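Listed next: structures, encoded as structure tokens.
The following pair of complexes shares a single chain, subunit A, combined with subunit B in the former and subunit C in the latter.
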Partner chain A sequence: MADLQQQIAALCPQAEFDSTGEFLLVTVPDAQWHALARALKEQLGFDYLTALVGVDWKETLGVVYYITNSDTQEMIHVKVTTDNREQPMLHSVSDIWAVANYQEREVYDFYGIIFINHPDMRRFFLRNDWVGYPLRKDYDASEKLNPLRLEDEQNEDDTCSWVEDEKGNVARVAGKVFDDDEYVINVGPQHPSTHGVMRYRASLDGEIVKKVDVVSGYIHRGIEKMCESLTYPQTLLYTERMDYMAAHINRHALCLCIEKAMGLEVPRRAELIRLIMDELMRLSSHLLSYGCLTMDQGATTAFFYGFRDRELIYDIFDRTCGARMSMSYATIGGVVADVHPDFIKDVRHACDVIEKNLKEYHKLFTGNVIAVNRMKGVGVLDRADALNYAITGPSGRASGVHCDVRKTHPYSLYNEFDFDEVIRTEGDSMARYKVRMDEMVQSIKILRQACDKFEAEEGNEYIAKVPKMIKLPAGHWYQQVEASRGAFGVYLESDGDPKPFQKPYRLHFQTPCFNLVGIVDLTCKDNMIADLITITASIDYVIPDIDR
Partner chain B sequence: MEVKIKSMKHDDFKNNEYIDGLVEQIRASGTNIVVGKLNDLLNWGISNSLWPFCFGTSCCAIEFMCLGAARYDMARFGFEVARNSPRQADYIMCQGTITYRMAPALKRLYEQMAEPKYVIACGSCTVSGGPFKNSYCVVKGIDEIIPVDVYIPGCPPRPEAFFYGLIQLQRKIKVQKYFGGVNRKEKKMEYVPDGKE
Partner chain C sequence: MKETFDFSIVTTWLHQLLSGCMPAWLATTTECVIIAVVLLAAYSLIAMAYIMYERWVCAWIQCRLGPRRVGPWGLLQVFADVIKILQKELITLWKSDKFLHNLAPYLVLVASMLTFACLPWGRGLQIIDFNIGAFFIIAVSSIGVLGILLAGWSSNSKYTLIGAMRSGAQMISYELSVGLSVLTVVCLAGTMSITGIVETQADGWFLFKGHLPAIIAFIIYVVAANAENNRGPFDLPEAEHELTAGYHTEYSGIHFGFFYLAEYLNLFIVSGIAALLFLGGWQPLHVPGWEGFNEMMNCIPSLIWFLGKAFFMTFIFMWIRWSFPRVRIDQMLALEWRYLMPIGLVNLVLMAIVVTQGWHF
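Here is the complex of A and B:
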């Protein structure tokens, strides 16, 4: 770490360092940030922007960038702030890490921070006639400013960017998303094949897609703002309603993050239960994505097969947690209740059934001529782009990126387990589909080992001793887990408030699907409009996870 | 007639007596003619072939997909023809949170549906805003925008709850008077010609 600190200090003498936290913290003035970012990527190999978190520190507004070196998996974070609250401006890094494009738009939407030289500075989640920036601490939430409007948004094509000239003057330049003579069709927000309420505006040349404009926010519920007015145990509820197909895993992530901040030791048996639930959730999620991907290509029967097996997993959840979806099972320090007496028997049974059925699914669909023609070589994402857009999860691994958090930053008990990280190199829709199918085999392998370990475990401890009032010291933490669709990160900042019922100062969820939607334009370009559906289905995002 | 359904007892599910009566009539007379009310015939037809318009925005939509799959199989009750166009559907199955950005779309899709049309609000988000009630951009219950016939609570509701709600809608339809005396309270929409306010 000291070595890296010297290297960065040589690149940027103005930088200040703090190495007391879990990762090296670099504080950089905005004027030097863009040059340092470029050097970090090109000279020091920090090519993967893991998270970009906007924060309002009352006197200053700013952004925390978590950056990873994809070879060594070394992680640092950089803090850039501005004290102008009237018209805050920072330099954009979207030309260095492409994933920052949408993330900076999100920060603009929440905090009003304008990113200089960003190509498309529009709001991302909220209506374009929204007044105010909701995640600021001094936001006025009155209904008078932002009533429920039942008329459509106007001037959707208008965009702008703030361009800096050589002398350092910044000026607003208005622009259009689409030219007047472009033929634009609208898909969504209520469309059966967008897997939720995503809306695309695609510019076409004949049947060929030229550009896709993603309009998100149709299910933006402001979870991060609401979390700031809840105590830590209460915030857990919302993690399950983002990516509901990774409910256990997301909740596990926030629990891990709070436990890390508290310095709480979780009983091994409880951690094993959580791990089994995580892998069951992953199986359930991949089966759903199999069902939906096949149905989008006309194979309705396969959809029924996928759902048949998911019911087995739902039954396990139902017996132990008391609910089929939104289980609310993991909690700070362990899980809320002990498992059902038949739990291990059921898990083993589900593993056996799904393993047998997976072979059948391959026989039914994988080699099918329609499937091959529609997926092979379509929507190719190469390794460089996958890193640039920070694509993780099955979609990233299909492009050859080594990004399984269970391997790169092992959490929970994953380093005790023997499993393979499924990596393919083709990067097309077919590869993404196959990675998912092979990951299910690996999940079954993990589950079987976990069942053995669980049976060898003694006692029936399922939760640690947790204080009734959870108080965290001042500081910030970041915790990543491997959710069903990629790396799910939690940024937690506490101000160390000594009053009872402490609330998080800032809670940000870096969701995998948010990055996934960034490649829709890239992968669909120059493909047929019908392929937009299969490509987006193979990328497999969950909309509430994007919008939060 | 105003319909008030507070709770449904188990025996009440067998509310097909009038159909049984028609069958008996046919058997007794020995001919293929029955005398009955046209209302009953229409209600029988509408209530047993309800085509949903899936307005699924989040978690509840996944449970609705489970309803369509093999174990729960809503085809048994005539609900399986899920449409994605409002013009072909009988009722909106509104599943999931409705945000301020989505509200105009929901309103418009409801207006595009043909009469008779019904609305089911599935899950706590559509009923009242649910866990997101305190948010700055979530509609606190879809009844602020469109009239709702049946509320199904739950987060998300279990498939059994979905069936309960759907069968409540069937019962509601079975007592409606198609010709006059409609039991719906919605105001009639006013026709505004183009260019006039």
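Here is the complex of A and C:
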């Protein structure tokens, strides 16, 4: 860490360092930030922008960037603050890490920070006629300012960017998303293949897609805003409403983050239960993904096969957690209740059945000549782009990125388990599909080991002793887990408020699907409409995870 | 060999009865009306039977139960659906071409009705026997694509337009292959009359009689007919996962119902034609030398034979549909123009050689 600090200090003398936290914190003035960012990526190999978090620190606004070196998995975070609150401006890093494009739009949407030289400075979630910036601490939520609007959004095609000239003067330049003579079709918000209320505006030339504009926010609930008015145990509830196919895993992430901040030790048996639930969730999610991918290509029967086996997993959830979808099972310090007496038996049974049925899935779909023609070489994402767009999870690994958080930053008990990270190099839709299929085998392997470990475990402790009032010291923490669709990160900032019922000062969820949707335009360009469906199904995002 | 019941006895009797009590023109008109009523009834009954059939087959393939609640074994489900669809409002989009929009479903329906009318259902059970029956079927079945194109064009929606363009490209392309494989059979039968084709198969179905070229023609027919019918894996004009519902996205109520009905009837028609051309139509299955077996087969009425074969072919079409993913538009066109049509052409020549050399059985 000290080495790195010296290297960065050499690159940017104005940088200030703080190495007391979990990662090295670099604080840079905005004027130097863009140059430092480029040097960090090109010279020090920090090529993966893990998270970009906008924060309102009352006097100033700012952004915290979590950056990872994809070779050494070393992580640092950089804090950049704006000069004022009235016209907050920062330099965009979207030309360095492409993923920052949508992330900065989100920060602009919620904090009103204008990113200089950003190519497309539109709101990302909210309507373009929204008044105010909701995540600012002084936001006026009055209904007079933002009534329930029933008319269509105006001037959807208008965009702008703030361009800086050599003298440092920043000027607004208006632009257009689509030209007037383009044939633009709406894919969504109600469309059978967007897996939810997602909307793409696709410009077509015959059957060929020329450009895709992502219009998001149709089910945006403002989870991050809501969490700021809830106590820590209450915030857990919302993690399951993001990627509902990774409900256990997301909840586990927030629990881990809060436990880390509290310094709480979780009983090993509780951690094992959580881990088994995570892997069951992953299995269920990949089965769903198989079903949706096949159905989007017209193989309806395969969809039912995938759904048939998920029932087994849902039954396990049902018996132990009392619910099938939003299980609310993990909690700070462990899990809310002990497992069902037949839990391990059920898990083993599910593993056996799914392992057997996987062969049937391959027989039905994988080798089918139409399926191969539809997926092979379609929507290729190479390794550099995958890193640039911070694509993680099965989609990232299909492009050859070593990004499994269970391996790169082991959490929970994963370093005790013997499993392989499935990596392919083709980067096409077929590779993404196959990575998921192979990951199911790995999950089954983990589950079997976990069952053995669980049976060897003594006692019936499922939760640690947790204080009734959860209070965190002032500070900020970041916790990543491997969710079903990629690295799910939680940024938690606490102001150390001494009052009872402490609430998080800022809680940000870095969801994998948000990044996944960023590559839709890149991969679908110059492919056909049918390929757009294949590609979006193979990158497999979940809309509530984008729209938080 | 004992002849099975010839349905023409009934029709001749009816004709004589009517001619005896009214002038000739009135008798013909009355017969036409009777035929039309019977046809319409058969059309809707078959469509309903097919909808039910597909639901059960599809449920069976997908490890489901299918409709079970309405009536015994869910038999009344289709009736409930029809009543529901009849009650629905007919919605036309703002600025759509109302006349063409309303005309399109009828065109599709008329096309399938005309083809439907040509099928010989059993011995002597046929409305009219042209000497160019096979050509007539190919010709009238192409009217359907007009209806689909109009539906897509007049709806004033981008999705329907793409669906219509796809279906235009697809149906016109695959018509060639269907035509070629029909021609191959005509070449083998030496007649274009549908009844003639069926009758020449009395001693053995063309699929078994025609050597390799007949088998190739059969496979081409199955693939091309699937595409002609807009059924999976060639359901691109509808492609619900890409174009929501393709050319009929903007239709509602019974107008949508007409498309739906025509789709199932077309399925019956292509299965029926496959049965006629390759599986001996209403001819029973005969194995040379097995006299007892042949006698037993003769006892089954010809109508049952025809329907049985049609339902069997339909089962194959359904099996394909529910197993395969959908092809992409360029792959679909490549399949037709690069593979099916050239193979079909060569196959036709091959069949001509087989026939002239007398190699067939």
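Convention: the second predicted complex is superposed on the first by the 547 of 548 C-alpha atoms of A that agree within 3 Å, B and C clash if a C-alpha of one lies under 4 Å from a C-alpha of the other, contacts with A are read in each partner's own complex, and residues count from 1 in each chain.
In this text, contacts are C-beta pairs under 8 Å (C-beta built on N, C-alpha and C of every residue); 3 or more make two chains touch, one makes a residue touch a chain.
Bear in mind that the values here come from a model prediction, so they are computed numbers and not experimental data.
With both structures placed on the common chain, the touch criterion links A:T294 to subunit C but leaves subunit B unconnected. Once the two complexes are overlaid on the shared chain, A:P192 sits against subunit B and subunit C alike. Contacts of A:N84 after superposition: neither subunit B nor subunit C is touched. Of the two partner chains, both subunit B and subunit C are touched by A:F304.
In the superposition on chain A, the chain among subunit B and subunit C reaching more residues of subunit A is B. Contact with subunit C, but none with subunit B, is seen for A:F365 once the two complexes are overlaid on the shared chain. Common to the subunit B-facing and subunit C-facing surfaces of subunit A are residues 191-192, 304, 308. Taken in their complex, subunit A has these residues touching subunit B: 125-127, 134, 139, 141, 146, 148-153, 189-192, 196-197, 217-223, 225-226, 229, 237-238, 241, 244-245, 288, 303-304, 307-308, 310-311, 314, 324-326, 543-544. The part of subunit A that touches subunit C in the complex is made up of residues 183, 185, 191-193, 204, 207, 294-301, 304-305, 308, 364-365, 368, 370-371, 373-374, 528-533.
Across the complex, subunit B meets subunit A through its residues 54-59, 61-63, 65-66, 69-71, 84, 96-97, 99-105, 107, 109, 131-132, 134-139, 144-145, 155-156, 158-159. The touching residues of subunit C, when paired with subunit A in their complex, are 58, 61-64, 158-159, 162, 166, 232-233, 235-236, 239-244, 322-331.
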